[in-house]
Amino acid sequence: MSLVPPLAVFDGENLGHGDHVVLSEVHLTFHPGERIALLGASGAGKSTLLSALRQRLGKQAAWCPQHHGLVPELAVYHNIYMGRLEQHSGLANLWNLLRPLAAPWQDIATLCQLLGLEGLMKRPVGQLSGGQRQRVAIGRALYQQRSVFLGDEPVASVDPHQAVELLQVIHERHQGCVIALHQHRLALTHFDRVWGLDKGRVVLDAPSTELSLDTLDALYPSAGAATKTTMDIEQTAPWPQDSLPCPRGQA
Amino acid sequence: MAATPISELALQDHPPRLLAGKSPGMRLARHTLTLIALALLVLPFADLHVLSRAPWGELGRIAQGLVLPHFGSVESPLSAIGLTVAVALWGTLAGMIMGFPLALVFSRSRFVRAGCAFVRAIHELFWALLFLQVFGLSALTALAALAIPYAGIFAKVYAEILEQTPTAARDALPEGTGRLSRFVYTELPLAFAQLAAYTRYRFECALRSSVLLGFVGLPTLGYQLESAFREGRYFEAGAVMWLFYLLIASLPWWAHRRLVPLLALSSLFLLGPWPDIDASLVWRFVSQDIWPQPLLAGDINGLIDWLREIPELLPVIANTLLLGLLGSVGALLVALTLWPLASHHFGNRLTQVAGKGLLIFLRSTPELMLAFVFLLLLGPSLLPAWLALALHNGALIAFLVARHADNLKLDMVGLPASGKLGYQLLPRVYPGMLALLYYRAEVILRESAILGMLGIATLGYVIDDYFQTLMFDVAFLLLLITAGLNILVDAGARRLRPKGIQPS
Amino acid sequence: MRLAFAPLSLLLLAGLFSPSILADTFRFTAIPDEDESRLVERFSKVADYLEEKLGVEVEYVPVKSYGAAVTAFRNDQVQLAWFGGLSGVQARRLVPDSQAIAQGAEDAAFKTYFIAHESTGLDASNTLPDDIQGMTFTFGAKTSTSGRLMPDYYLRERFSEAPEKIFSRVGFSGDHSRTLALVEAGTYDIGALNYAVWDAAMQDGLVDTSKVHVIWETPTYPDYQWTLRGDADEHYGDGFSEQVRQALLDMDDPELLESFPRSGFIPADNPMYAPIEDVAESLGLLR
């Protein structure tokens, strides 16, 4: 398709953590400049594929994890700043907690404006709405200024209109992306290619122009209702148990 | 389902035998009954005589003292309260400052873990007795006695809290982020609320310990409390007790988070007196006093004679362990009985307030204090110590369990109390209750040893003996034995604890 | 940040650890054999008296036990102490050249009373009755001379056995008043206590004589005394020891003497306490 060497190639590999295989026999190629939508039901292996990509791409990829991975106690500014934590010394980072550094503050202020977070920079993330947190997580990834964007459901908790806006911002600032999402329509309108996973296998790898909404809906029938995330899957404990408020033996 | 053979269906229909079955509830029930059976089995070996012929008159006088306290008879109450708070606050802060860095390396260093287990295993009062020998009756003795064991406790608990912080934020950081940056941006802020809550709880413990330091002569509230109780001036003892309860009850107001820095700075001036640190005294104590003379002289035969002069330790060790076991099981039974009293799921407004009051009263009163009063009433058998341990620790656990239960919403309304307790609440709170008890066992054993200082035949009794007769070498050996015993029992408790009930 | 004040306070704390005590203050400690209420207030008056007589700053240091008093004396945290017989011997062994300089008028011929609960059916006699064997018994504090050392000695002398073998149970009440209360309540059958405490309680009508009475009194022995460190002259000037002794002997204000409680102080010296030392050594309380 292109003469430029691909960014990542999976050639019949098994992916998973440790000995546990989640995705088997993966044949996929990620070319520079491609915008790829990753579809699949919860537990199909999207996160596994994304973290494998993150590992391969290293410093080329910006990363926006599932459920945001934010620190609720810290301000919006600090959460976004964390995207470039490795570029400053430990001492500078420490000082930045006490008093924001001037240059990053400027950069992040601009970014916040772009993301509709203006005026919220000093507010702890724990006090934001779900949609606002989503934007902070995206902001942190954008602040990394990498060439490729990897996102695990980065537009799951915003309405369709906002999702389009955010995807546009992401596209503008990166030369390619792989984004897991549930919205079939968006996959067709805003991406070049669609990868589909089901029960631990790659079942779809096609340009979005060759696909129709009906094909996707047939593949993932429940997707209409699937904007719900996997967050509320219950942890399986040996028996139902509610944690005690201040446990630890009060030793 | 249709394919299931009839015989198998019949098997399933057959109700399980009494206490049989693999369900978690049954497993815990069997575990609990085994514990209780074990306690009953060793009960005949415990000396539980009531030695007093007329405990009721004494009890009446104590009650009268509590009801009609004579505040005027307390000598300089304000400075005693001030010192109690200052020692507790600075002891906790110093413990925190030492314990926090240790927590960061806790999981990686066996040496740090062992060191922390050791300093934790020795009770604050024993540490105080040690430091008294070099720093005298000074603020330094009091602070060190609190800060050193607390450093060990903080290191362990902080490490546990940090270990259990969610990792999502850390995983989202760009690769190559330094250890310090990772810690201050993700781990610390995520764990901060829990760290602060635990530190706060420890401060409340420190207040109790600070009072107890009065028992060995530091002029905190306990100083007068001890002599007033011992000499039967119950109206004065009652007044000091009330001052202490007021101090604990008003904690949320005067120890508000925003007031802590101010409180810390101002209480610095209440600490005192500061000793002249005489390096030669410290050195003499560390290099000579605590080691057997024959050992220092390299005299092996002399060392054997030295060991021979130590009276038989087995009975006191056995008593300490016995009291630890009985105290733990007693605490479990007390907790099981008392928690519903303080839960809003049971009774009416009046019984709940009364129940909560009773629990706060029992958990705020230090074990040593309770044991001291029971000892006055019942005489120095294991009985008063057992009662004190069971009531104090049981109330503490009951208090936490009731608070936990109050946070639960019941799905079914209109159940009778027995149904609510048996089917809705107990199954949900019991695993946590048992886990708390196993954590608490370490503390109960530590207390069992220290109660000996009151004249009950546990390890503390002999340790106190040797401190009184200034034979620090033997006292030090006994402290090492006590610590070793505590570490062993703690390890055992961790192994015996039913799996999967770690509360967090 | 909230965390920021922690290192700051550490610095402040370190600053306070530098020596802060005036080297020239003369300190003493005392534990009365009864009634420890308002200790500081009562003994501060004694401190004021000594200050006036000696011309140096004098401070009273309260302690809780004889052991703590001896430690404070050994560590030079107090220079003068009102010790019991045994604790004085312990202290003088640990601090060479320290001297017993005065004792209470009552202390030259001190004695211990053995008391019994009425249920024992024991009467006062000239020797310890055989019947006490198998009963329960309580001493006072572990290192008290009149509450532990001497009764222990006379019990062994009478029965040629350790108290643990003579009695079915042996306890330590902690102090003399407590011993009295415990025997009166019947918690223990027999107790041994300082005769002065008993006499004072009798005088104040605090003893229920239908419940408890004296069954035997020990021969006399020397007890409480003032002990002064040997380096006092060096620190406070020549003749200081003599001044201290004189000030103690001259103390005649009943209010001050009431704190100890003694009717007055008389001269004493180290050799007077040799019998106590021998007994303590034979019982393994000294080495």
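For clarity, chains are labelled A, B and C in written order, and residue numbers in each chain start from 1.
As a working rule, contacts are C-beta pairs under 8 Å (C-beta built on N, C-alpha and C of every residue); 3 or more make two chains touch, one makes a residue touch a chain.
Small disclaimer: the values here were computed from a predicted structure and weren't measured.
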Indicate, using Cα centroids, the chain positioned nearest the centre of all protein chains shown.
B
Could you find the chain whose CA centre sits the greatest distance from that of chain B?
A
Could you please state the distance in Å, as a whole number, between where the Cα atoms of chain A are centred and where those of chain B are centred?
46
Compute the distance, rounded to whole Å, between the mean C-alpha positions of chain B and chain C.
33
I'd like the Å distance between the centres of chain A and chain C, where a centre is the mean of that chain's Cα atoms.
77
At least two partner chains per residue is the criterion; list those residues in chain A.
97
For the complex, which residues does chain C have touching chain B?
2, 5-7, 9-10, 12-13, 16-17, 19-21, 23, 34-41, 61-68, 70-72, 75-77, 90, 94, 117, 119, 136, 141-143, 169, 171-175, 177-178, 181-182, 185-188, 284-287
Any idea which chain A residues touch chain B in the complex?
58-59, 63-65, 67-74, 78, 82-86, 88-91, 93-94, 97, 137, 140, 144, 237-251
Chain A touches which residues of chain B in the complex?
23-25, 153, 156-157, 160-161, 168-169, 171-182, 184-186, 189-190, 192-193, 197-198, 201, 205, 396, 400-401, 403-404, 407-408, 427-429, 431-432, 435-436, 438-440, 442-443, 499-501, 503-504
Which residues of chain B touch chain C in their complex?
51-55, 57-58, 73, 75-76, 90, 93-94, 96-97, 132-134, 136-137, 140, 214-217, 219, 223-224, 226-228, 230-233, 236, 257, 261, 264-265, 268, 271, 273-278, 281, 309, 379-380, 455, 464-465, 467-471
